[in-house]
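One chain, chain A, appears in both complexes that follow, with chain B as partner in the first and chain C in the second.
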Partner chain A sequence: MARAGLQLGLKQALGRVAAGAPVPVFAVAGQGAREHVQDLRLDGRLRLVDSPGAAMVLLIAGGLPDGLAEPLAHLHDSLPHPRATLWWPLGAGPATWPQQFVPTIETRDGVSETLQAIQRELLRGQRPGEPPILPDEDPVPWKGVGPYGQGGTGMTGGTPYGRPMAELGADRDGLRLDVLPLRIGPFFPRFPPGLTLDLKLAGDVIVDVAPVESPFAGAPPVGVCRAGARIFVDALSQPVPVAGLELARAREHLRWLADALVAVELGSLGSRVLRLAAELRTSDGDSIRTLGRALRRTQAIGWATNGVGRIPAAAVEGLGAGPIARAAGLPEDERTHDPAYSGLGFEPIVQRDGDAAARWRQRLGEAAQSLELAARAGDRRTVPTGSVESPRGRLDGEGNATARFLHLLPGVLQGLEWGDAVTTLVSLDLDFEEAVFAETARAGAVAS
Partner chain B sequence: MRDYASPGVAIVAVGAILVAGVYVLAVLDRLLGMIVAGTSIRLGALLAEPVQSGALLVLQERRTTERPDAAGWALAPALFGGLAAVALAMVPLDRDIVAADPATGFVVFSAAIAMVMIAIYLHGWSPNSAFALHGAYRYGAQALSFQIPFLLAMLATALPAESLSIVDIVDAQKSVWNVVREPAGLPLYLVVGVAVSFWGPLNLPDAADLAGGTVVEDSGLDRLLWKGARAAMLVAVAAMGAAVFLGGWWGPWLPGPAWVVLKTVALLVVLLASGHLLARVRIEQFVFVSWVLLIPLALLNVFVSGALLL
Partner chain C sequence: MILLGPLGVALAVFVAAIGAALFVRLSGDLPRRPVPTTPERTPFAGGETPAVHAWNRYHARYYVMALVFLAFDMEMVFMYPWAVVFVREGGIAFVEMGMFITVLLLGVLYAWRERAFNWA
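And now, the complex of A and B:
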């Protein structure tokens, strides 16, 4: 009795101490939520974590297609107790995930405060932790017979227990090694929202890869558009200020850079870049050049990216792949066809190498160039031609650069080690939402 | 007969120093992160956060996976932390203040470092999870590459002392510290020291591209103990670096133990700064650089150190 009382007292004391800790949050950035979730990195009251095992609260932001409901339930159940879920709709329609949530909130400050309140209540026992959504049962009966559950008929090959086992297969060096099938996504933190890959790995080398169709593709419009993508979608059908468009482009490149820095373990520098993106002005060209020097010193543009994920110009010619193509030496840019840019001295920046380092340099160079263009543009407005150069490449009625590039992805990733594959994927800046925003805009259903 | 503290005193002292070291490391790491990120520093929050986050992990339930090796999962952080404690026990705070001063202290420390690979492999293997196992294999490649230069860098420090006792190695630096005698030794030691604790640019087993690697499935106490053990090993590496390269307790004005603490913190700052200022190294590059550059450099360091003593 006394022991139970002591344990309870200790738990309460620890709960009071722990309540002030930054809230470990696993965030799912749904449609229209990428920037909002990214900005949470700047809030010292929260800590965005890479694994659900490290989280206390699951934050679901923006709109989510039906196709993500089941993976989301799995994700929810992999959070340790005590746990809670918070939905942050950001203007999206009713959640597609059929669970009750704590009261929804729509402002950023409100999110952090609510997350803190949830953590406090969970740790003090004032809020019960959420039970699992899915039944805790084996996918198929376990038939192992050994003292450690090993062996047994039907447990030594194929997909016993509902899980594929490694099978012998050829590797890149002509050997026959174990090849493990593995599905990564759709919530892997280094991937863009919605990307899922079916992989076959020999050791850490990718021998086969197939992208799974994005759950965003073909999903009904959720009625929200990311703030950073909005002006490019608008430019498809109406004149927009060139200065605003270029400032938005520079911001998008810096936001990409902030995520890319997290992927090479430079999260603190990533936060600095994120703050620069949020407060970016046309006079910040020097800050971007200073940033370029910092990236070379940290070897983010160097040993982490040199020679990784090389994409030859011939592979992307005519795809309108934006910075990917220009980093490989192709001067493809929709802005060269826009009369609003004539007289501004615009010439597409190009690199030669076509590797991840070249793509990093390309985006950084384009961010600085965009600020110069924005400063020179005055009140010029674009001329709608049905296509626009978004930060990721050509955006038009047919889709965006990501949609056109996706079929090349297996060829780019095959033969890479996993770490290099992630570096390559990050450097591509894939965006499955952009095309949906454009499609939704055509239907006249987009809100800010 | 060399000095040994009584087991009870040694365990309590080493445990207390490790806990204090891990706390200081957590605060320093956060501070460096805030400086690089350009965020405002609030001292109260900075000092409280490691304790608060630690308490939160204690209250979180342990999570399990499908068919894990439960015993291995629980043992791995204990083994890692134990090895950090063994390594730290060899570091003298002063000539007469040391948990254990065996004639082969150098060998004991090196053996502890070598066995870290077992702890990390066990940790990655146990949860029955692809990313965790992947991280474990990465450390295998990493450890096989850094063990030789690590030993050679340390071995050169034993030559002036003509002894494998850490106390003797520090004692031999009364007039000249080893960092002056062997300028290549400390940089080499720091590079492999970062690799041993897989920190910053050499955090390959628990990397962001594996969503946490060997730690991806850990929650609650498992996560706290693993992170604590890893930090403890970095503290032990820094403390040993202070002893064998920076003259340990030797220094003017302050008492010997204060110098050891100051030098350890200085090395910790350098090791931790690498995590905020250098990008992740590719494993293939690290293996190549270790075998082609670091091993010959470490050998040269030993030969030159030996020749100068003749």
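And now, the complex of A and C:
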């Protein structure tokens, strides 16, 4: 009795202390939610975690196609007890994935307060933790061939936790060792929303890789267009101010940089970059150049990116791969064909090396250049030609740079260690939503 | 504190340390934790479940670096008795150790050429 009382008292006391801490949130960025989820990093009341095991609340932002219902259920069930889910639709329509547990929030202002309230209630026992969606059973119970469940084939005998052991395969050193097949995504925090990779790993070296078709592709549009991508989608069909377009480009590059800094464990610097992106003005070119110099002096970034994920110019020639192509030395840029840019002194910036470090330099250089163009552009407006240079490359009626680049991804990633592969993927700035937004806008224009 | 004397202070620190260790140990046990379910135990790979078990044999490529480290470690072990007799033996000891280190250095240069210092 005394022990039970002590337990309860201790639990309540610890719960009160823990309720005041930042809420550990695992955020899923659905369609149209990338920027909103990024901005949550600036809120000191929340702590965005990289694994559901470290989270208390699952935040689903934006729209998710039905194809993601099953991974979402797995994700939900991997949060430890007590747990809760919050859906932040951001204008997305109703979904078919399990919503029986999901309270909904509409506005940005209420998100942090609601998450804090959820944590408080969970820790004080005023709100029950959500039960699992999936059954709590191993796919196949661990059982060998012997009478006591022992023995069998493989390293340990039996099938541990229902999963067979990895098969043998050739190693790059001429050995025959286990090759581990693994599907990473679609909610892996370092991947862009919608990317899933089928990998074969020997240790941490990628032996084989194949991208799984994006769940966003072909699915009916469930989200609203991201604010950062909207002006580029609009520029496909109507004249837009060059100054606004270039400011948006610089902002997108800085938002990419914020994510890239989180990937190299420089999250606080990433938050400063996000703040700069949120308040970006045409006079901030010097801030970006100063930032670029500071990043070039940062040894950790150099070690992570120099010589990593090299893409030769010949591989991306003619793909309209934007900063990826320009970082490899190709001066491909749709803006050179736009009469609105003539007289502005626009010349595409190019690098030579084509590695991840070159892509970092390229985007920072382009961000500063965009601010200069925006300052010089006055009230010029673009001329719609059916294609536009988005921050990722050529965007037209047939898709975006990511869609055209995707078939090159296995060649780029094979043979890399996992850490280098993530650095490379981050440096590519893939975007599976842009093409969907463009398609949606085009369909809307046709319908109207 | 001064009244307790040095022995008393040491005893007080000892008792406080034991108390803190017991508190940490027991407070971890007191709240009952639910047993993690199967999905909670599943390794996180972005929402998909793994098809095979994660136990697998892979090539620990840094083992060559570990061997080179061992070689240097043994070299240091030989240098301690050498340092003791160095003053007595004089130049001959210096030359002998020089030969020993030269042979080791050749080994290191070979390992370097063979890319033993690349982590993976």
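For this structure, a couple of remarks:
Quick note on the criterion: the second predicted complex is superposed on the first by the 417 of 448 C-alpha atoms of A that agree within 3 Å, B and C clash if a C-alpha of one lies under 4 Å from a C-alpha of the other, contacts with A are read in each partner's own complex, and residues count from 1 in each chain.
What we mean here is this: a residue touches a chain if its C-beta (ideal position, glycine included) is under 8 Å from a C-beta of that chain, and two chains touch if they have at least 3 such contacts.
Keep in mind it's a predicted model, so treat the numbers as computed, not measured.
Of the two partner chains placed by superposition, A:R293 touches none, neither chain B nor chain C.
Using the contact criterion defined above for the overlaid structures, shared-chain residue A:F188 touches chain B and also reaches chain C. Contacts of A:G44 after superposition on the shared chain: chain B is touched, whereas chain C is not.
In the superposed model, A:G203 makes contact with both chain B and chain C.
Judged by the touch definition given at the top, the superposed model places A:L180 against both chain B and chain C. Applying the stated contact rule after C-alpha superposition, one finds that A:D171 touches chain C and leaves chain B untouched.
By the document's definition of touching, of the two partners only chain B reaches A:S271; chain C does not. Within the superposed three-chain model, A:V17 lies in touch with chain B and out of touch with chain C [touch as defined at top]. In the superposition on chain A, A:S78 makes contact with both chain B and chain C. Shared contact residues of chain A with chain B and chain C: 11, 14, 51, 53, 78, 80-81, 138, 161, 163, 180, 182, 188, 203-204, 417.
On the chain B side of its complex with chain A, the touching residues are 32-34, 36-39, 45, 48-49, 51-53, 55-56, 58-63, 66-67, 130, 134, 137-138, 200-201, 203-204, 207-212, 215-220, 223, 275-285. Within the complex formed with chain B, the chain A residues making contact are 11, 14-15, 17-22, 24, 42, 44, 50-51, 53-54, 56, 78, 80-82, 119, 123, 138, 142, 149, 161, 163, 180, 182, 188-190, 203-204, 262-269, 271-272, 275, 297-300, 302-304, 308, 417-420, 422-423.
Interface residues of chain A facing chain C in the complex, by the touch rule stated above, are 6-7, 10-11, 14, 51-53, 68, 71-72, 74-75, 77-81, 132, 134, 136-139, 155-156, 159-161, 163-167, 171, 173, 175, 177-188, 191, 196, 202-205, 417.
Residues 27, 30-32, 34, 36-42, 44-61, 120 of chain C are the ones touching chain A in the complex.
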